[in-house]
Amino acid sequence: MAETLLEVDGIETCYGLSQVLFGLSLKIKSGEMVALMGRNGMGKTTTIRSIMGLTPARSGAIRFAGEAVRGLPSYKIAKLGIGLVPEGRQIFPNLTVRENLVAASGNRLGASDPWTIDKIHALFPRLAERTGNMGVTLSGGEQQMLAIGRALMTNPKLLILDEATEGLAPLIRDEIWSCLSMLKGRGQSVLVIDKNVGNLARIADRHYIIERGKTVWSGTSEQLIAEPDLQHKYLGI
Amino acid sequence: MYLVVEQLLNGLQFGLLLFLLAAGLTLVFGIMDFVNLAHGSLYMMGAYFAATFVAWTGSFVLGALMALGATLLLGIVLEYVALRHLYGRDHLDQVLATFGLILFFNDAVRLIWGPAGLALPLPAWLTVPVQIIPGVYYPAYRLMIIVVALAVAAMLYLVVMRTRIGMLIRAGASNREMIGALGINIKLLFTLVFGLGAALAGLAGLMQAPILTVQIGMGENILILAFVIIVIGGIGSIRGAFMAAIFVGIIDTMGRAFLPDLLRKVLSGAAASTAAPALSSMLIYLLMAIILVLRPEGLFPAAKR
Amino acid sequence: MMPKFNASNAVAALMCAALILLPLYSAVTGNIFILTLFTRIVIFALAAASLNLIMGYGGMMSFGHAAYLGIGGYAVGILAAEGIGSGFIQWPVALAVSALFALLIGALSLRTRGVYFIMITLAFAQMAYYIASALSRYGGDDGLTVYKRSDFAGLINLSDRNQFYYLCLACLFGGLYLIWRIVNSRFGLVVQGVRSNEQRMQAIGFHANRYRLVCFVISGTICGLAGALLANNTDFVSPAVMYWTRSGDLMVMVILGGMGSLFGPVIGAIVYLLLEELLSQFTEYSGLILGPVLLLIVLFARGGIMGLLGRMRRV
Amino acid sequence: MFDSLPDPLLRVDNLVRRFGGITATDNLSMEVVPGELHAIIGPNGAGKTTLISQLTGQVMPNSGTIRFAGRDVTNLPSYKRSRLGLARSFQITSLLKDFSAIDNVALAAQAHDGHSFRFWGNARKERHLRESARAALERVGLGARADIVVSQLSHGEQRELELAVALATRPQLLLLDEPMAGLGVTESARMVALLKELRKEVTIVLVEHDMEAVFALADRITVLVYGRVIACDVPDAIRKHDEVKRAYLGEQHAVTRHG
Amino acid sequence: ADSVKIGFVSTFSGPTAVIGNDMRNSFELALDHLGRKIDGKPVEVIYEDDQQKPDVGKQKTEKLVQSDKVDFIVGYIWSNVLLASLKTAVDSKTFLISANAGPSQLAGELCSPYVFSTSWQNDQTPQAVGTYMNQKGVKSVFLIGPNYAAGKDMLAGVKSTFKGEVVGEEYTVWPSQLDFSAELTKAKNSKAESIFVFYPGAAGVQFLNQYAQAGIKQQIPLYTAFTIDELSLPLQKDNALGVPGAQQWVNDLPNEENKKFVADYRKKYPGLRPTFYGAQSYDAANLINSAVVAVKGDLTKKDAMKAEMEKVNFKSVRGPFKYGNNHIPIQNFYLQDVVKDAEGQLSLKTVATIVKDDQDRFHDKCPMK
């Protein structure tokens, strides 16, 4: 089996005085695609913010690519090879589409076939049409495309997508899913949050379900599909 | 006719001097979005450093270079010790903190250099008037200010608008968290940019020192003009700041040159003498008010560049 | 609302009590100057409180608030110089002119937002400053001495230190009460909502600028009152009260004390002006202390002194 | 569904809006009749949000007219349209972040109530404002979170609050810009149920990329591509529309039927 | 009282703090010379900084009168600061001795029994310059000065005596305007035969710098009042060479008091040289001394002190002078020039006496007789 790329072990995270994560753990192996599921407000985004060091975890351990990263500033964590498509897109409004991509570009880990602006444009032709526009003027879906493109431009070892298909048209959404399958095919590790359980079950290898800041279930896609009451209990389906 | 040409040139030169000061502020305030009232103090420090180093070394150029290095360093230290904690904060917190720095620097300078102010003498080759068109002489040093300001404008525009560093600075100003999540050490970058801004303030201070002397509080009134320029031009727009600086310089100078005579035609002598300097100083603010009423985001709003 | 008991309310209550008892202290100790000093502080506290109304609650960062100090002051000064000494004329005129000026510059300035608003209000205040400097009949740059304080037909004697102090204090408390009612009223909530998210407020049916403008005018009028008091206190008005550094001082008082808290500006005014006065007593280099103190307050006390006190409740 | 369409509640004629070189709304005309739930779908960047913004007045059209309830509202500012009964939710959440959830909604109720130039009484103690705000929160499932400050609500909860705010103005026409976006599966289902209930009371225009929801809810669907209407019909017809399949739906949604 | 309390209001911060410092230095020196006692009583001096702002000066005056209850208030560099502070001092019947500022109002309608000057009335010095320009046969002049009380007095002063044509008159914003290029360009193009300026403190340095750099120095000669002094000279350097000014006191005036003053000043404050500001402050201390001694320390005898001061019963470093009805000195004015002295430093030198026993032109307007 491939080596572990990311390991989160019993982290606890708070916003000010309110604790959100209560000893959450998860693991991603190299080349694996893992989904994080749970209802609104259960702590999915917080988990990701803790991994990235944006909202540092108060206790527990986080290892990425063999290094302990809890407590490191977020840029150092990102430099180790994590690319983030954050919730709410967070593109740079005062940069053009092209500048958003260029600012992010980098191939720190020496990927053999790195992403380029042209490849992003091929993936999202809409962005090519808007290349000189300011980020702030893009439509919601265009911003989402840009956020994905920007994360890819860092050529990460681990790609994290937090609701990356929110607000995308069905066709594009399908394209993103097939793009993710394609990336997975190339050995890209992915951590994904999405509400589309059907698609996740189809392409992700393993799943974690979060409930009130703890992982309450984990297993493979087959196991997930095999236990419909699980979905009912935790995801409300 | 010569009078008008010469006054225009005075205005241009004054405007470009303002631009020099505004240039560093554009970086720190326009682009990094940090309201730094202490920019005027750095300007003052630049002048004091230059006067001190020029006196030590006996060379204008060498002393000026050392002063640039010193303000760069001072800016970096200031940022590292205090100001970096204020980036994400409300503008008004920044106002209060840097206002405190003004008070501090003014008294620190008085303690170190005394209240008298210093002189920064020019080398002989810069003190002669130059004939620019037949019959019109212009002080060589003022011409040099024009040249330096143009060079700074070009450099700044290229770095900020055309390089990846510039993009990162702009991106970091709008969303620090995200730029960190992309693997960029924004703290370090901002420290360096702040230092550069400080060095530019120092440059402005030392450039104007031979004309206006070196004294405590020299940065305060002119700082407001620098803010005026940046706002008229559109915050974050270097091109805007440049145009606005020239505009303000010329309006101000022309007002001082011609308004008194105009006023004397309508008012009594004494009333006109009192009113003229006040009203001509008012022109800049009138200009700013008019521009902002008509274009609430300045002449070149950064988003629509 | 019954105010909860916590550190900041306790300090506010103590402060009010101290302000009320101050003349007693002054009489007992024979220290007249402390009364003079606090008269000034109370007047500036009123001005700062008015600025807090638009800045702390309305999100309108006016960098030209000192203009109203000048306008209120010149209304008194000019009328006095022209032989109209009655406060029943001077003061209403001061308030009316301040309100009008606020209406005019508010209407123009509110087209802009953020730093642009800061700068356009600065521009108008500077224009007022230079216009006052241009009035050679009223002293121009050198200012205008007010030889007689406003005359209220024997009702109250402004030249009596104690009476004048209490008048100023009454104005301050009245102003604070008014502001307190306003910020909790329907109008006040709309103004604060507009500060928070203008687009949303427009979309649910509020004409944002109309509320902003009314708030701006109320604030300017209160500050105009402070200006009338100030002219009587110093027996002198000059353009300098309108200069941007004065507006900056007012801002500093508000931020120092705590923006958006009712008593914040009062504490800010007291601390700032007292520090200035005390430090200059024992060192010539007061900036070396005052400057870093301001910096430290910003770094370690978010929300100014009131913010700091507010957090003490938890510990 | 409607044999003879009643007089439209909203009528848009030849609307055009350009941004620099882009024509975001391209000579667009459409109608919304009272009581219907009218969905607008289309690829990203087709101009749906821009259209909503023109209807509610955040964006002014270059040309064309908008009539609402028999009145030309093309040049009215947004706050006036809101008072006429047009309410919207925002695709990118737009709330009063430093206010509690209930204050957000109560302010909307206050706007509908008129009389906001009251300077004296304590508005947070006005019972009818508080009560109608609480009711709107309960409706979207945020009853228990009423006193939480918005910035501390999760993304999904904020999306629900968006709707509550729009509801509290008691609109005649509710324009919803992607209300499901950011909602979890449970919450989406709850939202669909809520919209099913709401459509009995108020006319709704729904912009949404969640096709399950759209096909479950819509009476009619308008499809925008590059700012133009390429189709406007009942859901079944849209599902089969070739051009719509090609430009927007893809195959998956065209073939599978959802209830 | 068992001590003599003196309040001293001057500028101790900002660019003109040098002037305040010089005044304080000289005042302290005078106290040293008096043995730090007046009529056997210890002297307490409270220095207050007016920041060169009228409102602050007024506030500080108020503090001195109300809180410190001083017996005398001394100082005031700036006419506008003095004018703002005057009412407070006069209302409280505290003696005010202006050691510099001499606004025309003070000499005229606002004169007061409680106010004395140890300097001059603003117009007098420039009047002397105007007279000197007449002597030199200058035909026309361009006037430049700051737009405040003293600036207006100064330019009016030259105009009242100068017989040639005034081809232009420019006022600049005070004290913020530092760049005079527009005014210099106008002066140059006006074809005036001479330029007169009044720019005290650092502004004087800036003006001379810019005047030299613009190359006008070679074309149009400059006349000044209060623009070149021992404080600005080290910064003006050669730019000041050959630029004349007038003064009622110059460091080389050959009387014994002055020699002692200058020598002891240089001893007590190494590296510094006294200025007219200091000389006037030194005189102020001695004026106070004379009054207190005359009433044998009974500071309540205000009338007697006033009467004593009117007699000028002390030896001024400028040489003997008298008071006019308005308590402004009637005194000589000298032409001063910049020269290299024995130590190789630039210094000021008395060249000639321009006017003798000059009385200001506003004394008729003063109701005191």
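Order of writing sets the chain letters: A, B, C, D and E. Residues in each chain are counted from 1.
The rule is short, and it goes like this: a contact is a pair of C-beta atoms (placed from the backbone, for glycine too) under 8 Å apart; a residue touches a chain by one contact, two chains touch by 3 or more.
Each chain and its UniProt protein: A, D = Branched-chain amino acid transport system ATP-binding protein; B = Branched-chain amino acid ABC transporter permease; C = Branched-chain amino acid transport system permease protein.
Everything numeric in this text was worked out from a predicted model, so none of it was measured.
K.L.:
Where the contacts of chain B and chain C overlap, which chains show up?
P.N.:
Per touch definition, common to chain B and chain C: E.
K.L.:
By mean C-alpha position, what chain is farthest away from chain C?
P.N.:
Looking at centroid distances, A is the chain farthest away.
K.L.:
What is the distance, in whole Å, between the centres of chain A and chain E, each centre taken as the mean of its C-alpha atoms?
P.N.:
Using C-alpha averages as centres, the distance is 76 Å.
K.L.:
Could you grab the centroid distance between chain C and chain E? Build each centroid from C-alpha atoms only and quote it in angstrom.
P.N.:
Going by mean C-alpha positions, chain C sits 37 Å from chain E.
K.L.:
Between chain A and chain B, what's the gap in Å when you average each chain's C-alpha atoms?
P.N.:
The answer is 44 Å.
K.L.:
For chain B, which residues are shared contacts with two or more other chains?
P.N.:
106-107, 110, 273-274, 278, 281
K.L.:
Which parts of chain C, given as residue numbers and ranges, touch two or more other chains?
P.N.:
In chain C, residues 133, 140-141 touch at least two other chains, as defined above.
K.L.:
Which residues of chain A are in contact with two or more other chains?
P.N.:
137
K.L.:
Please list, in label order, each pair of chains that touches.
P.N.:
Listed by label, chains in contact pair as A-B, A-D, B-C, B-E, C-D, C-E.
K.L.:
Show me the residue ranges of chain A that touch chain D in the complex, using the header's touch definition.
P.N.:
15, 18, 38-41, 45, 87-88, 126, 130, 133, 137-142, 144-145, 163, 166-174, 195, 197, 235-237
K.L.:
Tell me, which parts of chain C touch chain D in their complex?
P.N.:
1, 181-182, 184-190, 192-193, 196-197, 199-208, 211, 214
K.L.:
What residues of chain B sit close enough to touch chain C in their complex?
P.N.:
For chain B paired with chain C, touching residues are 35, 82, 85-86, 89, 91-97, 99-108, 110-111, 220, 224, 227-228, 231, 235, 270-271, 273-275, 278-279, 281-282, 285-286, 288-289, 292-293, 296-298.
K.L.:
Can you check the complex and tell me which residues of chain E touch chain B?
P.N.:
Of all residues in chain E, those touching chain B are 12-15, 17-18, 20-21, 147, 152, 169-173, 176-179, 181-183, 185-186, 189, 202, 205-206, 209-210, 212-215, 231, 234-237.
K.L.:
Under the touch definition given earlier, write down the residues of chain D that touch chain C in their complex.
P.N.:
56-58, 77-80, 82-83, 87-88, 90, 94-99, 103, 107-108, 110-112, 115-124, 126, 165-166, 168-169
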